[in-house]
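Take this structure first; my questions come after.
Note that the chains take the letters A, B and C in the order they are written out, and that residue 1 is the start of every chain.
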């Protein structure tokens, strides 16, 4: 499919430039900061330093960017499918379902390949999110805040089931790893699935217009000739894939899919064709910023990126709730 | 007739209590009675507190799929526990005066809740859901801070905190019982006095105002009661998220009435049956340890999903 | 021509439409009226393929709604539903641009851009073309949605109670615009209307439903008779002629 190139309005160009500048700075910082007691230049000159660089720092930086970008894109898609501004993989039970799938497959077939684990986790995430979207249809449209509330409770129920199973089988520690996102364990050879996640997010761009139209509601979408069900399934599939890739590699990063799309939408609207690249760029940058901040705040100890983003994300979420009460979607 | 149903419930509750106290008892009776009696008292208090707070909360929010525990109280509680272990170490934590800890927790949880309620602008439901969402988000925040602290704690000490993640009725301090009992009974009394007002509140904001109620004030009072009940119960035994939902759903199914006098009594009795009966079943009959609460959470969660599917709107 | 043949529809076990058959000729405005529960919205949804047919057939110029691709139908008919609350934050110009989607499928050309410009001009939206629709008033939003349906450039335009959320000013504007679309652009318009006098003033034909059956299907003047309307709505209603239009005094 050919992608047409359009002239970008100046506000978007400005945003692009600002975020890219920030990104460049962060990438440099990310590559330079670490527990090793050496500056970047020295690191690159020694053989061990170079190895550290290639095995740990570069992958870690890439992982943060990819996870942030793809989770933000997943958030946009979910918000269009659910027609609600507060929906994202962490407020719809997607992450929890992915973790449940992982737990079940780890228990049932401990020696299975990572691909099998991924597949099961993805199916679980897909099914769980489909159930959530079906639940959302039953809620009164006059109370948009009921949707994320329901999603969080729904996620909590799934989490309770997962915790119970983990508790009874002494796998609670495992669960902690999947549910709390952080990048300290990223090494070359252990994070490549995130590239797949990034590819999936890129593929979402091909469906951008269809997602925007789907966001107008089922009737409007059908009226414009769209196969609504098909778009729904593709969207769900993308979200499920991205979530499972992220959960299995770095753990769940709550609020990324919520905060980033809302900030971008506030300034640039909801036309996915225009905003998806901005969302991906902003998502990657913010998650990398959280990771860098987490590494610096209590140097040389690390605070997980998920926690840092969680704190910031909470603040932004609260702002969204109080600053724009009527525009919950 | 509701009265007859209440008698039936009362009888079942009595039987449950009896079974709990007497089934499988071995050895010295006075020891058994004291030991189990303490536990029973705790179970009764929790049953009363959780059931009442949920009924109140659902009436005030006009929605039967919500429960007060989603407002992040349990997460705050867990954060406090983890924070204390982190700050004082395992030994320090274990030697804390239970009364001091209890008082601290109740006060903290109540203050946090009142701060949350301060965000209510009296704009009706939209406002209430927003407040809930704020509570939920803070819950997520507290959980993430908790997991952060957990990583900084020695793995041995983690076991202490892990124990606090689920409600446990096994080791409760007698003095705490007394303090909790006072709080819970006081709240029950206040709620009972408000039962007619609650019937009107259940009609919705607009109707309540047109019938002469100061909706905002009544909402605030009601929520304050709810908070105190939830805070007390959480401080006593730990988090019990979906138990209230399970109980309230059963109550509304069993009693087809909207009169709060009957609803409150029935819900407390049902809560006793579920909790005491369930505990008896688990401990004496099935021989499981402390995982009753998890099962209740699971069942309650299923109820929640079922209710949504049934489009349950108050 | 719209051909509706033997359409019956049940909601659960309740029959909503009973063996409805009618033909709507090409050109002009046809109003679909009737009391509450007569089945108007259901018939509308079936025609717009928003509901799957249970029995019978509906064809637009031979294009069967069940057999044809939704995309082909989207090039033949445009729909405007009752609920016009659009929550997405999309600029007016882009929103109207989405009306062209059935034609360009994501790759707009110069022709598409021209159609969008024409729609903006026709509905007086050029000043607000860069604003987001969620910041517009109800009346402005309605205009945008109609402009979008217009840009979709179809032979048929179906509207379900479009006047519900509009005040008198915008309601009249919309009906006038529909009249222009029918007269100058040759579109065939089917409007479900609640208020009989708008139908009387603007429609060429009136189809009346009652209890899921066709109670009347004739030119406006023939339907606007005291006995006919009285039978449909189950009440005595006086009809007067004012300034060349038949007005039903149903409110007194």
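Please note the rule applied: a residue touches a chain if its C-beta (ideal position, glycine included) is under 8 Å from a C-beta of that chain, and two chains touch if they have at least 3 such contacts.
Computed from a predicted model, the values in this text were never measured in an experiment.
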{"item": "Farthest-lying chain, centroid of Cα atoms versus that of subunit A", "value": "C"}
{"item": "Which of A-C and A-B has more C-beta pairs touching across its chains", "value": "A-B"}
{"item": "Geometric centre: closest chain by C-alpha means", "value": "A"}
{"item": "Whole-Å gap separating subunit B and subunit C, where each centre is the average of the chain's CA atoms", "value": "53"}
{"item": "Geometric centre distance via CA averages, subunit C-subunit A, whole Å", "value": "42"}
{"item": "CA centroid of subunit A to CA centroid of subunit B, Å", "value": "34"}
{"item": "Of all residues in subunit C, the ones touching two or more other chains", "value": "none"}
{"item": "Contacting residues of subunit C [partner subunit A, same complex]", "value": "48-50, 69-75, 78-79, 81, 83, 86-91, 94, 98-99, 101-102, 106-108, 132, 134, 152"}
{"item": "Sites on subunit B touched by subunit A in the complex", "value": "63, 65-66, 70, 119, 125-126, 129-130, 132-134, 136-138, 140-141, 144-145, 147-148, 150-151, 162, 241-242, 291, 294-295, 297-298, 301-302, 304-305, 308-309, 311, 313"}
{"item": "Subunit C-touching residues of subunit A, taken from the complex the two chains share", "value": "1-2, 4, 80, 83, 85, 208-210, 212-213, 215-220, 222-227, 265-266, 269-271, 274, 327, 329"}
{"item": "Contacting residues of subunit A [partner subunit B, same complex]", "value": "86, 90, 135, 138-140, 143, 145-146, 148-150, 152-154, 156-157, 160-161, 163-164, 167-168, 172, 176, 179-180, 254-255, 303-304, 306-307, 310-311, 314, 317-318, 321-322, 325"}
